[in-house]
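Reviewing the structure listed below.
The first chain written gets the first letter, and so on, giving A, B, C and D; residue counts start at 1 in each chain.
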Amino acid sequence: MNLELALRMTEAALKQAFREGAAVSVAVVDEGGNLVSFQRMEGAEISGPVLAQGKAYTSVALRRPTSELPALAAQGGELAGLAGAGFVCFGGGVPLWSGYGEGERVVGGVGVSGGTITQDVACAEAAASVWGAR
Amino acid sequence: MNLELALRMTEAALKQAFREGAAVSVAVVDEGGNLVSFQRMEGAEISGPVLAQGKAYTSVALRRPTSELPALAAQGGELAGLAGAGFVCFGGGVPLWSGYGEGERVVGGVGVSGGTITQDVACAEAAASVWGAR
Amino acid sequence: MNLELALRMTEAALKQAFREGAAVSVAVVDEGGNLVSFQRMEGAEISGPVLAQGKAYTSVALRRPTSELPALAAQGGELAGLAGAGFVCFGGGVPLWSGYGEGERVVGGVGVSGGTITQDVACAEAAASVWGAR
Amino acid sequence: MNLELALRMTEAALKQAFREGAAVSVAVVDEGGNLVSFQRMEGAEISGPVLAQGKAYTSVALRRPTSELPALAAQGGELAGLAGAGFVCFGGGVPLWSGYGEGERVVGGVGVSGGTITQDVACAEAAASVWGAR
């Protein structure tokens, strides 16, 4: 992860947010879960600094899109109660992989918060697609 | 609990992880819930420091394998909402008892995170069996 | 405060960092102390997410440049022990005022961390001068 | 950083602790500040899980031995009040560098707690010397 790429991903997420008519925050973290960049659009909730970062961190820490977590973290799910451990367990966080197949590893994550979950996911995926095309 | 035994338990958990093809973190805590040893395998998630420790702590704090907690902590369960209090309420944590029968007490716990829940439980039980045979 | 202005301030801070040969993190917060933007340059310390945000927050919270705080927060000073309350009490944070004279209020803050204190202050002031010229 | 090397460093720190007659905890973190290994000797304080990890993290986050921090973080120092931001600002944490000269970066850190500061520093340096000779 580096700042230039983080900003390009953020730009893609914000463009998607404009298309969605949503006001969001976008966080990008590195493989250690430490923040690289953050942007909160005008009018976006002040929960963004917590939730967008939390989603980005969680997607790296658990190596999954956070959109997979509601089912896993729900009552009866494999990771029931995960949210209580400080992870953000709903959609909008996407891990970024070093490559494909053998030896791939998570080298960062993006998290979006402020819209509906569907909007947040769309924005995070727009960011991740910049990563995939890097 | 002492460090030598904690390391032997950890070794057993890691061996099981190799057999399972999982990359895990293993934490051992004492009867106060305080960390005695921790090891994160190469390639294991950075959630390991949080979740393996959390499982070990939780197993001591509630004197149960954390695999029993999903049912108890679920909505309508006896400990509903427990996860929100910072306990890790899914499998992979196992308490370690001083002995059997009357007067037994929990003197430590082991927590494993990084594989599937089934794998984490298998690794934690491999560690606990070293304890049982001490 | 808004994102566009925060990014222009950040750009000014980063340009100053390049001139200084420093690798820094730059945080901008709004009047509520909540993060608006953050950027960590390649090679900047992972303390940046904590310290740059902390300086920006502290400058808003206390309505002073954080460079004034070492004297105030020192033993025997007017705000002795302030650092222990979670504020970052050394240079690199600058509050942003709505205007001059009567009725002025703090509407945001910028925090820079990663260089020497002198460098951090120079970068934060470069950002603040964009604000002043808005 | 990897587990095998972390364990060799830990062993060196513990050997030094035996020589010093000290009971310590030893933590090793990676470049993201996330825990790789931890060992607490029998009889070592329960502050070890907090302080040894804190020193290791701080040495990575600030890219300095934590033994340099008392002067910097003291009243009148450049980083006065740093401790209040959650960093551990006394000796026993040592950053581990990727190499020497241009392009070197911090890729991990070791932290020791439980003895006197002098003992903790000696143990951390014993660990770091294993890293230097890797």
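Note that a contact is a pair of C-beta atoms (placed from the backbone, for glycine too) under 8 Å apart; a residue touches a chain by one contact, two chains touch by 3 or more.
What you are looking at is a predicted structure, and each value in this text was computed from that prediction instead of being measured.
> Angle of the rotation mapping chain C onto its copy chain D, from a C-alpha fit, rounded to a multiple of 5 degrees, please.
In degrees, rounded to 5: 95.
> Shared numbers divided by all numbers used: is that above or below half for chain A and chain C, i.e. same or different?
same
> I'd like the Å distance between the centres of chain A and chain C, where a centre is the mean of that chain's Cα atoms.
Chain centroid spacing, chain A to chain C, equals 26 Å.
> When the centre of a chain is set as the mean of its C-alpha atoms, what distance in Å lies between chain B and chain C?
43
> Averaged over CA atoms, how far is the centre of chain A from the centre of chain D? Could you give it in whole Å?
About 32 Å separates the centre of chain A from that of chain D.
> Could you pull out the residues of chain C that touch at least 2 other chains?
46
> Between which chains does touch occur?
Chain-chain contacts present: A-B, A-C, A-D, B-D, C-D.
> Touching residues of chain A toward chain C in the complex: what are they?
For chain A paired with chain C, touching residues are 2-4, 6-7, 32, 34-42, 46, 48-49.
> Give every residue of chain A touching chain D within the complex, in rising order.
30-34
> Within their complex, state which residues of chain A touch chain B.
31-33, 60-63, 75-87, 105
> Of all residues in chain C, which touch chain D in the complex?
Touching chain D: residues 43, 45-47, 50-51, 54, 69-70, 73-75, 82-90, 116-117 of chain C.
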